[in-house]
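Below: a set of structures, written as C-alpha cells.
Next, two complexes with chain A in common: one pairs it with chain B, the other with chain C.
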Partner chain A sequence: MASPQKQVQQLARQFFRLSLENGGLSPARVVGVLEYIEKHRPAHSLAILRAYHRLVAAEIARGRAVVEHAGVVPPAGLTAIAAAMTNKYRRPIASVARCNDALLAGLRVRVGDDVYESSVAGQLAALGAAV
Partner chain B sequence: MSSVLEQIEQQIAKLSSKAVKKNTGNIRTIADGVAKIEGLSDVMYNEMVQFPGGAIGIALNLEDDEVGCVVLGDVSKLKEGDEVQTTGRLLSVPVGKALLGRTVDALGNPVDGRGPIAAQEFNPVEKIAPGIIVRRSVSQSLLTGIMAIDSMIPIGRGQRELIIGDRGTGKTTIAIDTIINQGRINKVGLASGDPNFRPVYSIYVAVGQKNSNIVRTIGALEAAGALEYTIIVAAPAADNPANQYLAPYSGAAMGEWFMQNGMDALIVYDDLSKHAVAYRQISLILKRPSGREAYPGDVFYLHSRLLERAARLEGRGSLTALPIIETLAGDVAAYIPTNVISITDGQIFLETDLFNQGIRPAVSVGLSVSRVGSAAQIKATKQVGGKLKGELAQFRELAAFAQFGSDLDARTKAQLDRGSRIVELFKQPQFNPLAIELQVAILFAMQKGYFDPIDVKKIVAASASMKEFFLGRKEALLAEVRTKAALDKDLEAKLQAACEEWKASSTG
Partner chain C sequence: MTLPLLLAAAVDHAAQPSIAEKFGLELKYIIMQVISFLIVLGVLYKFGIKPVTATMEERNRKIAEGIKHAEEMQAKLAAAQEESASLVRKANTEASRIVDDARKLAKEHLDRQTQEAAAKANDLLTKAQQAIELEHKKMLADARTEVARLVVLTTERVLAKKLTEADRAAYNDAASRELTNV
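So, the complex of A and B:
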C-alpha cells in the first residue's frame, strides 16, 4: 500500500486530470473538483488541495508567457512573443506583461519552467558567474 | 573602414541581445543536504544544477512533479522558494598531472591551502566503464612491497583487489604501503632512464575518514617521498554525505585520465563501507525504497559501476583499484562485503586474531586470494615463492590440529616448524615496503634453509640483519635480480654465495 504522501499525490494528480478538457484546463471542471472535495472531504484534504493547487498553477504557467521588462514593451511586441511561443511549444500561449526595473534593460520571458533571458541584469549575472 | 566596424558592431549587438534559454525550478523543501525542487522539467539524470549563491547540486531523483537533488556545498544559505537552474552539464572534476601532490575535495577543489590547481582538462565524474574489446588481460605486476602479498596474493596492473577486515587490522596501512612502494619504484625507475619504465601514479580516496587520519596519511606519504606521485581526494566524516558519495567517482575520473593517456595508475577507495552508508543516507532522504539493511536496491550497482572502471586497456594504460571494506566482528558474509567480494578479482582478508598475536600484516592466507594469480608475478618471485601459500595454509591447518595433542610425528613437527618461520619472516613494520629484489633474496634464503637453524623468536631479527647485509654489501646483486627479474643458475649461485657470506658473518 502506498504511503499517505504518495496517496495524496496520486489523488491530486487524478483530480488534476479530471480538470482537463481537450488537453487544456477547464475552469468549470476545476470548480467541480473543488465542490467534490468540499462535499466528500477525503482524508488529508488540505494536503490534496495544496498538491492540486501546485499542479493547476504549473499548468496555467505553461500556457502563459510572463514578459518581464524594464521600460516599455509595445502591445505588438507582446503579441509577437505570444505568437512565437505558441509556435515553439505547439500549444496556445498568451503573453502577460510585468514591469521589473531590476532588469535594467531588455526582457525576460518565462513560460512554465523555461526562462528566456535577454535582460542586461541577466547578462551581468552570467558575466559575474563566469569571472 | 567604418562600414567594417559597423558590421562587427552589428554582429556584437546581435549576439548580446540573443536570449539565453534556462530551465528553472524552485526549492520546495531542503533538509540534510537534499533539496526537493518543483519544476526543472528538462533536467537530466545526474545533471548538475545551479543553486543561488554558487552552490551546485546533482539531480538524482526525477519524479512526476519534483526533482530530488543532492546539494554539494553550503546549504545554510538556501531556502524554500529559491530559484534553481539546469546547466546542461554533467558534474566534472579537474584531471591531469597538475593534481599530483595535491589534496582535493570531491569536486576537485584544492583543500591543502597550496593555491589553485592549474588543471587543463576536466572529465565527467560518472563515466561508463571500458567495454570488453578494449580491455587486455592483467599480466603486469603491481608490487605492494609487502612480502606476504607480493609472494602469495599478487596484484596486477588493472586488477581490483579488495582489502577487507575489521577495524584496526591494518587495512589502510596495506594501501599506504602500496602507494609508498609505487613512489619508491617510480623514483628508481625514472632515475634509471629506462625508456620502457612505466611509473604508477596513485590516487587515495578518503571517504568518511577522520580528518586527523587523513592528515596522518598525507604525513606518511610525504615522509616517504610518495606524495609527489599521489592525489588525495578527501571527503572526511565531517563532509556532507553527497560529497562522500561522489568522492570515489571523482577519484576514478582522475585515475582514468592516466589510464586513457597511456599511463598506469592505482586508486585506493578507503573505504567503500562508509561510501555505502553515505549513499544509504542520501537514498533514505530521497525516500527511495529501502531493502536489506536499509540500503537501496541499487547499492550493488553503486560499487560495480565504480570498480568496473578499473581496467588494463589495449594500447593504453591501466587503472588498478584497491577498495577497502570494513567488516563487523569478522563477518565477511554481510551485505556490502559480499557485494564487493563478488565484484573484485580477489581479496586480502585481515584477521583481528592474527593482528593481536603480533602477526602484522595480519593477512589470512586461507581467506585471501588473487584471481589473477601468478600471471601478475615476476618470474623470480614465482621461483622462490611459488609453493608458499600452500605451505602456509597447511601450517595453519596443522597448527590448529596440533593444539589438541602433543604427540606429533617428525614430519608434522618439521612442517609446523617451517610454517612458524615463514610466519615470522612475513612480519613487516608499517610504512616500510620492501623492494622486490630484496623479497626475492630473503625468500631464496628461506627456501634454501638458511633460517632453519635460527630460533623462531629470532627470525625477525635475522631477517632484518639479512636485509641490512644485502642492502649494504650486495647492492649490485640486488640490481641484477631487479633487472633480470628471473633466477638463472648463475644468479642462484651468486645468491647462495651471498647467503653463505651472511651466515658466516652472523654466526661469526
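So, the complex of A and C:
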C-alpha cells in the first residue's frame, strides 16, 4: 500500500500524461483534466492539483525559452534563439523576452532548468568568482 | 748379753693373751656379723642401690639425649643461620636488582615522557603554525573576494551609467549570435 503522498504523485502524473497530445501539452486536455478534478473531487485534490500544476509548469518551461535582456533585442534574435533551442532540444521551443536591467548588457536564456548566459553581469560575476 | 734379753722378751710375749682374746673376738660372732652384713647389703642393693643406679642411668641417658638434642639444635640453628644469611644475601641481591630495574624503568619512563612532551609541543607548534597559515590564507581569500566584489560592483555601476543603448544593442546582437551557436 503506497503512502498518500506517493498516491498523490502517481495520480498527478497520470493526469499530466492525459494532458499531453502528440508529445506536447494540450490546453484543451488540461481544461478537461481540471474539470474532471473539479467534478469528482478525488481525495487529496488540493495536493493533486499542486503536483499537477508543478508538472504542467515544468512542461511549459521545457517548451519555452525565457530570454532575459538589458537593452533592445531585435525580434530576429529572439527567433534565432528559439530556433537554436528547438534544434538543440529537438522539441518545439518558443522564446519569451523579459527585460532585466541587472544584466547591464547581453542575454540570459532559461530553458527549463538550463541557463545560458551571455551578459555583462554574468561575465562580471564569473570574474568575481574566479578571483 | 743380748740373747738372754730377747729370750726373756719372747717368753713374756708368749705368756701374754692374743689380740682376739684380748679384744673378745669370736669366730661365730664374726660369721653372724658377715651374714647380717650380707643380708643388709642385699636388701640395700635390691631396694636402694639398684633403683638409684637405674634412675641415674635414666638421668644419664636423658642428659645424653638432651646434649645430643642440643647439639642437633645447635647444628640446625647454625644451618638456619647460614640459610637465613644466604636468604638475606639473596634478598639483598634481589632488592638491588629490583632497585636497579626500577631506576632503569624510571629513567626510560622519564625519557619517554620527555620525548612525548617534545613531540606534543612540536605537534602543537605545527598545528598552531598551520592554523595561522590557514587563517592568513582565509584572510587573504576574504580580502580578495571583497576586493573582487567591490570591483565588480563598481564596474557594474560604471557600466550601468556609461553603457549606451547602442552599446547594449551591439552586445545583445553579439550575445544572440553566441547563444544561437550553443
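Simple rule for what comes next: the second predicted complex is superposed on the first by the 131 of 131 C-alpha atoms of A that agree within 3 Å, B and C clash if a C-alpha of one lies under 4 Å from a C-alpha of the other, contacts with A are read in each partner's own complex, and residues count from 1 in each chain.
One rule holds for everything that comes next: contacts are C-beta pairs under 8 Å (C-beta built on N, C-alpha and C of every residue); 3 or more make two chains touch, one makes a residue touch a chain.
Predicted model only: the values in this text are computed from it and were never measured.
In the three-chain model built by superposing on chain A, chain B clashes with chain C.
By the touch criterion defined above, A:58 reaches chain B but does not reach chain C. When the two complexes are overlaid on their common chain A, residue A:70 makes contact with chain C while staying clear of chain B. Of the two partner chains placed by the overlay, neither chain B nor chain C lies in contact with A:32. Of the two partner chains placed by superposition, only chain C is touched by A:127; chain B is not. Of the two partner chains, chain C is the only one touched by A:104; chain B is not. Of the two partner chains placed by the overlay, only chain B lies in contact with A:9; chain C stays clear of it. Among chain B and chain C, the chain that touches a larger number of residues in chain A is C.
Within the superposed three-chain model, A:118 lies in touch with chain B and with chain C [touch as defined at top].
Superposing on chain A, the segment of chain C with clashing C-alpha atoms against chain B, chosen from 81-89, 117-125 or 153-161, turns out to be 117-125. Touched by chain B in one complex and by chain C in the other are residues 106-107, 109, 116, 118 of chain A.
Across the complex, chain B is touched by residues 9, 13, 51, 54-55, 58, 106-107, 109-110, 112-118, 122-123, 126, 129 of chain A. In the complex of the two chains, the chain A residues touching chain C come out as 69-74, 77-78, 80-81, 83-84, 88, 101, 104-107, 109, 116, 118-121, 124-125, 127-128, 131. The touching residues of chain C, when paired with chain A in their complex, are 144-145, 147-149, 151-152, 155-156, 159-160, 163, 165, 167-169, 171-182. Within the complex, the chain B residues that touch chain A are 16-25, 38-42, 54, 64-65, 85.
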